[in-house]
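The following pair of complexes shares a single chain, subunit A, combined with subunit B in the former and subunit C in the latter.
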Partner chain A sequence: MTTVAFWVLAVLAVASGVMVLRFDSMARATFSLLTALLCVGGELIVLGLDYLGIVTVLMMTIEMAIMAVFMIMFMMNPAGLMPMTMVHNKRGAAVICALSFVLLLVGILLAPWPRRSGRPPADPTMDLGMSLMGPQMLTMMTLGMALFATIVATVVLSTRRGRYDRFGDDLRAARPEDPVRGGVGR
Partner chain B sequence: MVESAPLWAVFVLPLALALVASAAATVDVRSTGAGREVLRLLVKQRRIMRAADVPLVRLGTTLLPVAAILAAVVLPFGFRSVSDLPDGIVWFNAMEALAWAAVWLTGWGPNSTLSLVGGYRFLAQGLAYELPHMLAITTAALGAESLRVGAVVDAQAGLWFAVWMPAAFGIYLLSALAMAFWGPFDQPVGADAAGGAAVELSGVDRLLFLGGRWLLLVVAAAFAVPLFLGGGHGPLLPGWAWTALKTGAVLGLLLWLRRRMPTVRMERYVELAWVILTPLAVAQALVVAVVVLGR
Partner chain C sequence: MSLELFLVLASALFCVGLFGALTQQSIVMLMMGLELMLGGVILAAGAAWHYIAPATADGQVLIVVAITAMAVEMAIGFAVVTALFRSREIDMTDMAAELRE
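Presenting the complex of A and B:
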């Protein structure tokens, strides 16, 4: 059962991954990529990492939905009404892909994989989390805050309208002047 | 403790959901009921726009009810659910997120401006409700110290979470409406865009899409019960009766709210979500975390 699920998901993931590059419509390519990512989430669940698998499904669905908006916004021909291709520099891309595939394959075949020692843990997600960032929890949390502060700062710096536009040069205006009316406090 | 239901429950679940949804629709229109409309849509021919992306429309309209049913898998009826997954709350959240993809696909596929506007509106709405929503359901999980829905129900044997996490409960109810693009949050299928994402759908496609929206509404309302209203816990009556009663009450409240509230424009709700609801949800989570640490 597990083996069947693994192979079905694996074949589906690879097939929809290939279709990302074959489709001539941005929307189809986006959701083909989402299918591939959902299959990867399914593989994680099959491997016993339930939490990581479900979170992958959750994050990837939302992410690809937002991605669809941006990708289509920046495409000249999003609907595939005229021929469009996801592949650029075809020959170079083919050479790079073939080389990296061979490299990975050789690595897989030649690497001295360790034999399993002991039994699988009761909660693999917990163990994975502990081994990934157990001792570095403080580092990870600091990093998270730093990343978040960076995002907020970037948005603040890149916005065209600042508080002087909204509240006047002496910041005395009772009500902010915003292009979109309504919302909080207006 | 929530037990696993027998195997036949897998087949009963979609039927039961459809029944509740159809009952709710009947109450809501107060007239002929949903039955005739369903029959009408079943026999009606499907209309397809020129240069439409038919596979994507079909995928979108089918995905909406499927997502609702998959989300309902972790829903306990009394003290039994089809599957009480260890990460049930995350599962619920992941499945409802599939509705994002479904509505956008339904809006994009028909090659029509108005339906595309509806699809994009749902994504904007999703971004506005999802963050406070995630924080609210995380707060319930935090209060029970588990992501298992059964454990959340167990933790409310004494006191309902709605009592000591009212902010999270309120935010959950708001996001339940938004999730099913219902009531004040029906801009994605708004009349000002001629029906938005659903404008080009007819026949079975329309049935699947609008029926799927009813299923989502029922599932979102029903999930408030194990999360915040004590699940099957209550005096005298058996667990399933309490679940049914509470679900009916939440569903009734949501139906009533739609009649009382005008449609909210998304750019206004986005500001409300970021400036008020998200900080409120964080503060609520902090209160719950402090209580849990002090136990």
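Presenting the complex of A and C:
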């Protein structure tokens, strides 16, 4: 059963990944990428990582829904009603990717992989939680800070009004010029 | 199934994503290529956990890091695209070449 699941998900993942780059419709490309990443989540569940598999599935579903909105906002042909290619250096990139794949394949087949040490715990999710709250706490704190910095950076980048708009060119205004009262400028 | 099979699948996803990241002119499509590459990394980390060291949670922690990287990449990427589009009406990588300077 798991072997069948592996092969079905594997073929679907690679086929969807390739179709992401072939579709003319941006909405279809987004949902094709969603399919590929859902298959990755499914493969994680096949490996016994139920929690991380479900997290991947949930996160990618929401992420791709947001991505579809952005695709339709920024692309000139979101519905794919006319053929469109927006690529450069296709041949060079194909050579680089083929060489990379061959190199990875040779490494995978020739590397002396270590034997499996230990057995999976009864509850891998508990194992992950104990690790993140124990020996891997520094990793967890770093990820938390990175996410916090991301929140600040995205708000700063996305906001239309910057400090020069609010305080003037020399930033010496006593009060910021905000359209609505009640903020930091009162 | 074996570790090698999972790693071949992960490599295939990584290389398809690499092709997208190298060829696509649209910044949003470029980000889709990066997501595929990170999907390959996630799969390779899961396979390494299962077939090499299932007793420790290090492989799972690597997956958490990769998933966080995907979220950060997408959030910052869209914010940069929004800022670029707002200031210069740019949504293609070739038109934003001045960012290299």
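Assume the second predicted complex is superposed on the first by the 130 of 186 C-alpha atoms of A that agree within 3 Å, B and C clash if a C-alpha of one lies under 4 Å from a C-alpha of the other, contacts with A are read in each partner's own complex, and residues count from 1 in each chain.
Operating definition for what follows: a residue touches a chain if its C-beta (ideal position, glycine included) is under 8 Å from a C-beta of that chain, and two chains touch if they have at least 3 such contacts.
Here the structure is a predicted model, which is why all the values come from computation and not from measurement.
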Go through the superposed model and pick first if A:Ser25 touches only subunit B, second if only subunit C, both, or neither.
first
Contacts of A:Val8 with subunit B and subunit C, given as first, second, both or neither:
neither
Could you figure out whether subunit B or subunit C reaches more residues of subunit A?
C
Which holds for A:Val55: it touches subunit B only (first), subunit C only (second), both, or neither?
both
Per the contact definition in the header, classify A:Leu47: touching subunit B only (first), subunit C only (second), both, or neither.
second
One more residue to check, A:Lys90. First (subunit B), second (subunit C), both or neither?
second
Touching partner for A:Leu147 - first (subunit B), second (subunit C), both, neither
second
Examine A:Ala68 and indicate which partner it touches, taking first as subunit B and second as subunit C; both and neither are also allowed.
first
On subunit A, which stretch or stretches are contacted by subunit B in one complex as well as by subunit C in the other?
55, 66
Along subunit A, where are the residues that touch subunit C in the complex?
2-3, 6, 10, 13-14, 17-18, 20-21, 26, 29-30, 33, 36-37, 40, 43-44, 46-49, 52, 55-56, 59, 63, 66-67, 70-71, 74-75, 86-90, 92-94, 96-98, 100-101, 104-105, 108-109, 113-114, 116-121, 124, 127-128, 130-132, 136, 139, 143, 146-147, 150-151, 153-154, 157-158, 160
Listed in rising order, the residues of subunit B that touch subunit A in the complex are 51, 53, 55-56, 59, 85-87, 90-91, 93-94, 97-98, 100-101, 104-105, 108-109, 111, 120, 123, 126-127, 130, 147, 265, 267-268, 270-272, 275-276
Where on subunit A is subunit B touching in the complex?
25, 27-28, 31, 34, 50-51, 54-55, 57-58, 61-62, 64-66, 68-69, 79-81, 180, 182-184
Residues of subunit C that touch subunit A when the two form their complex
1, 3-9, 11-20, 22-29, 31-33, 35-36, 39, 42-43, 46-47, 49-58, 60-61, 63-65, 67-68, 70-72, 74-76, 78-83, 85-86, 91-92, 94
